[in-house]
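These are the structures, in structure tokens.
Next come two complexes, and both contain subunit A; in the first it sits with subunit B, in the second with subunit C.
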Partner chain A sequence: MLKVENINVSYGSVKILWDVNFHIDEGEIITIIGPNGAGKTTIVKTLLGLIRSTAGTIKFYGDPIHQAPTHQIVKSGIALVPEGRELFPRMTIMENLQMGAYTSDEREDTLKWVFNLFPLLEERQKQSAGTLSGGEQQMLAIARGLMSRPKLLILDEPSLGLAPIMVNTVFEIVKTLNSQGVTVLLVEQNIHHALEASNRGYVLETGRITLEGASNELLDNNHVKEAYLGM
Partner chain B sequence: MTVKELVGKYAVSSYSAYLLLILIGLVLPLMITDDFFNRIIVLTFFYIMFSTSWNLLAYSGQASLGHAAFLGIGAFASTILIINGASPAVGVLMGALAASLVGLFLGLICVRLKEWFLGLVTFGFAIIMAAVVNESSVFIEALNSLFGAAGLSGNMDPHMFGGSLGIYSPNIVSRDQYYYLFFFAMVGTILASHLVIRSKIGFAFAAIRENQAEASMMGVDITRYKLIAFMISTFMAGFAGALFAPYNYFINPEIFSIHNSFMPIIMTISGGIGTIGGPIIGALVINLVWEQMGLMGMSIDRLLILGLILVLEILFLPKGLMPLMKKLLNKASGITSRDTPL
Partner chain C sequence: MAEITTLIQIFIWGLTAGCIYVLMAVGLNMIFGVMKVVNFAHGEIMMLGAFTSFWVYYYTGLNPYFILFISMILVGVFGVIIERYGFRKVLGTGKLNEIFLSLGLIYILQNAAVKLWTDDIRKINSPFSSATLDIGILNITYDRLIAIAFTALILICLYLFLTRTDVGRALRATSQNHEAAMLMGVNVNHMYMLSFGIGAALAAAAGTVAGILSPFNPYMGTLPGIMAFVVIIIGGLGSIPGAIIAGLMLGLVQNFTIFYFGGAWKEAVAFALLIIVLIIRPTGLFGEEH
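Showing the complex of A and B:
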């Protein structure tokens, strides 16, 4: 479904990503894990066309998208739930959701589906997004991402700054979505949770993919254990 | 039915408020027969159009500090065309289109700029326009040779609109006809602004203003919508300028002045930026203050006072008079409503 080949990205003269390769198949939950500053968010921004790669290709269903403008990439079926849940805080929940459906034509059905997943949002649809708690904002951010009916949903650090119980809820939702046919790319620092929720994982360190494999194998990997899980 | 209930039932609904205002606007000339008053009201209509234009661009997150440029382009372009034989309706339309085309061009430069950089470019552009028209007789001569006319500095025919727009009795342009011309132009501008803001386009404008990166991630084509905002806004400014020129009998490069660029900003902020009613109330109040200061014998020093008003407003009334009035109305009717910024 998504194939990233030899992507290189630089901010000015500072190189961030070195020959990054990964792929996502339909129906999978894939995770990219790694420490702060490894370049995880840079990968996400490159996928969405917010940053341009200096070399390499990104193909979505076989079509190259690494030179397409962001709005066209979104239209082709990729949605991003950004790090830090960048909502439109002064707009209502409903307006945020409508905004998410900007490229989509089937708003009514999608809205039903999303409200079914997040009943709380239906109750509070007239409330400003800025007045929600952190966990609720994350729910709204995910819901807004779903409003464009994406084939691939990218979640950038969805557990960031959430209470442990909310972290569990978020990962449960990711699994539920996946069971309903949404392919998910999970970019996380919460490595244990991310690997448990996903099928396959890639470890990104200082801009390079250093490890890849099935998530349960990565959980058992000695390097991952020592470096990230403190075991 | 008590007064309270009445206010609650009718006045709070903004549609009925606007209908009431339109009715008042329609019958006002029957009551006001004084030329001076009439002129102040027509100028208020003009400033409402101009401020609405500025407000629409600001609604998309782009604050122009040189909106007078488009006012002037509309005025000059339409005047050049009309004194060279174009019908007033065509001239006004082409003037507005000319402003809109230049707006598109400037928008292309501004699309990648944010905040003060955008402000500086628009600010500088108005100064360039003033310099081009002011300093360069070459410009005027080139235009003259193109159209074969005798220049723009002379007075224009005040009866320009006589009959030619089709809605006036032939060859008599009375005070009231100009009044209605501006009145309907203003209503049209406000209605257009309302329709744009309520449409999907307006939704994109708001999203870009609130969070540009996010908006693009929602699939909004940032460049396209920023340019659309520029084109609609500058069309409106050009339209206002094109109507102002014949009403004012003549135009000169003064129309590009900083004073004209800042007027719609002060007015819109006074009324309430990002709302339909904001530019209306702001233009009304500020223009009345301006004229009152004029009656008191002040001239250019009025700008000092306006500057002071602007500073005080930004400090103490950043959302303008509009939310304040709504609050008072709701209080009178006993309704507690959510404070809506959009």
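Showing the complex of A and C:
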């Protein structure tokens, strides 16, 4: 469904991504893992058109999207739950969800689905988003991402800054969503969890994809074990 | 008893002056919130609103309170054009470019107004100009009461638009988190045009009300333009409730100052108030801390 070919990205004269290639098939959970500063968030922002690539192509269902403006990419069926949640703090939970559905027509049904996944949000729908705890904010950020009924949901560091029990909850939700037919791209520094939750993974190091493969194989890979899992 | 009626009279005067500040400041704040652009020419857009109403009145003779809405639409469209072909072009190229664009607009608009309408003193004649509401020895001109009612009406419509419609919510979302709004599928370029259009329309309403209440010339916008900045800084950058409360407060404080200490203190007291608020609460009354 998504095919990224030879993407290169620079900030000014500093090159961040070098010939990045990966693809996502419908129904998969894919993860891109790597250390801080490897360029993971840059990949995500490039997918959504927030940063422009200097070379390479991105195709979504065969259509090139690397030149498209962000709002059109979102409309075509990609939703990003950004790093740091990026909620609208002075809007209520309900208003945040309504913003998530800005491009969508089937609001009522989606709202029921999302409230079913996150009952807490229904109870507190009139509460302002800025007053939620970190874990609750992450739930709202994911729920808001789902409101556009995305075909591909991208989660950038969803476990960052969460208590261990919330981290487990987040990965459980990812699996639940996937079982309901949502394709997921998970970008994570929490490598162990990310590989356990996903089908396939790519390892990104200093702007290059250095390893790829089935997630259970990557978990057994010596380089991954030594560099990231501390074994 | 004469004392109390005088005080009520001053209160109404302060409130109408405050309404003009509120209409100016709410629009300025909306433009700043959505685009992070500081529009120093907002007072000149207000002046254009007054002259547009004057012009439409001159050629049609319609009721000026109906013309107010025509003026809001025409000047609103003008605001959209200024955004699209002016501010948009320099957006993100540096704050100084935006500042000088808006400073330049002040003189372009003032000179254009002098060319079009001369710098004679004008007035928009209201059919109620001599009608007063008399309660005992208290008399208040209908025009002032209408100004207050129209401001309230416009603010209620704006509130409903911002909270009850998708586009209104998108405008607030863009002002709270620009990139997140893009990720929701909002075309932020449309939001820029819309915020400028609404800001200009509100300034046109302020200009028309001001032009009905007192005579004006092409330089009428200079002081209200600066006062609108004072209001949004007192109320808190980006806060619309803050702009409303601070605007009314400034109008009242100024008018009571004129009564007790004389007209010479009118501007000084505004800035004194600004400095006091900033010392006590640097983010303004309703400003968000970031």
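FYI, the second predicted complex is superposed on the first by the 231 of 231 C-alpha atoms of A that agree within 3 Å, B and C clash if a C-alpha of one lies under 4 Å from a C-alpha of the other, contacts with A are read in each partner's own complex, and residues count from 1 in each chain.
Everything that follows uses one rule, which is that a residue touches a chain if its C-beta (ideal position, glycine included) is under 8 Å from a C-beta of that chain, and two chains touch if they have at least 3 such contacts.
What you see is a predicted model, and the numbers here were worked out from it, not measured in a lab.
Novice: Identify whether subunit B and subunit C fit side by side or clash on subunit A in the overlaid structures.
Specialist: Aligned on subunit A, subunit C clashes with subunit B.
Novice: Contact-wise, after the overlay, does A:Thr131 reach subunit B, subunit C, both or neither (first, second, both, neither)?
Specialist: A:Thr131 contacts neither subunit B nor subunit C.
Novice: Please work out whether A:Gln67 is in contact with subunit B alone, subunit C alone, both, or neither, and reply first, second, both or neither.
Specialist: After superposing on A, A:Gln67 lies clear of both subunit B and subunit C.
Novice: Given the touch rule stated above, what does A:Asn216 touch, subunit B (first), subunit C (second), both, or neither?
Specialist: Touch status of A:Asn216: no partner.
Novice: With the two structures laid over each other on chain A, which partner does A:Gln180 touch: subunit B (first), subunit C (second), both, or neither?
Specialist: neither
Novice: Determine, under the contact definition given at the top, whether A:Thr206 touches first (subunit B), second (subunit C), both, or neither.
Specialist: neither
Novice: With the two structures laid over each other on chain A, which partner does A:Thr54 touch: subunit B (first), subunit C (second), both, or neither?
Specialist: In the superposition, A:Thr54 contacts neither subunit B nor subunit C.
Novice: Of the partners subunit B and subunit C, which touch A:Asn168 in the superposed model: first, second, both, neither?
Specialist: neither
Novice: Subunit C clashes with which stretch of subunit B: 6-14, 240-248 or 330-338?
Specialist: Stretch clashing with the third chain: 240-248.
Novice: Let me check the overlay on chain A: which residues of subunit A are in contact with subunit B and also with subunit C?
Specialist: Subunit A residues touching both partners: 48, 50, 69-71, 74-75, 79-80, 82, 86-91, 95, 98-100, 102-103, 144, 148.
Novice: Which of the residues in subunit C end up touching subunit A in this complex?
Specialist: Result: residues 166, 169-170, 172-173, 176-177, 179-188, 288 of subunit C touch subunit A.
Novice: Looking at the complex, which residues from subunit B come into contact with subunit A?
Specialist: Contacts found on subunit B: 200, 203-204, 206-207, 210-211, 213-222, 338, 341-342.
Novice: Along subunit A, where are the residues that touch subunit B in the complex?
Specialist: That would be residues 48, 50, 69-71, 74-75, 79-80, 82, 86-91, 95, 98-100, 102-103, 126, 144, 148 of subunit A.
Novice: Under the definition above, what is the set of subunit A residues touching subunit C in their complex?
Specialist: For subunit A paired with subunit C, touching residues are 48, 50, 69-71, 74-75, 79-80, 82, 86-91, 95, 98-100, 102-103, 144, 148.
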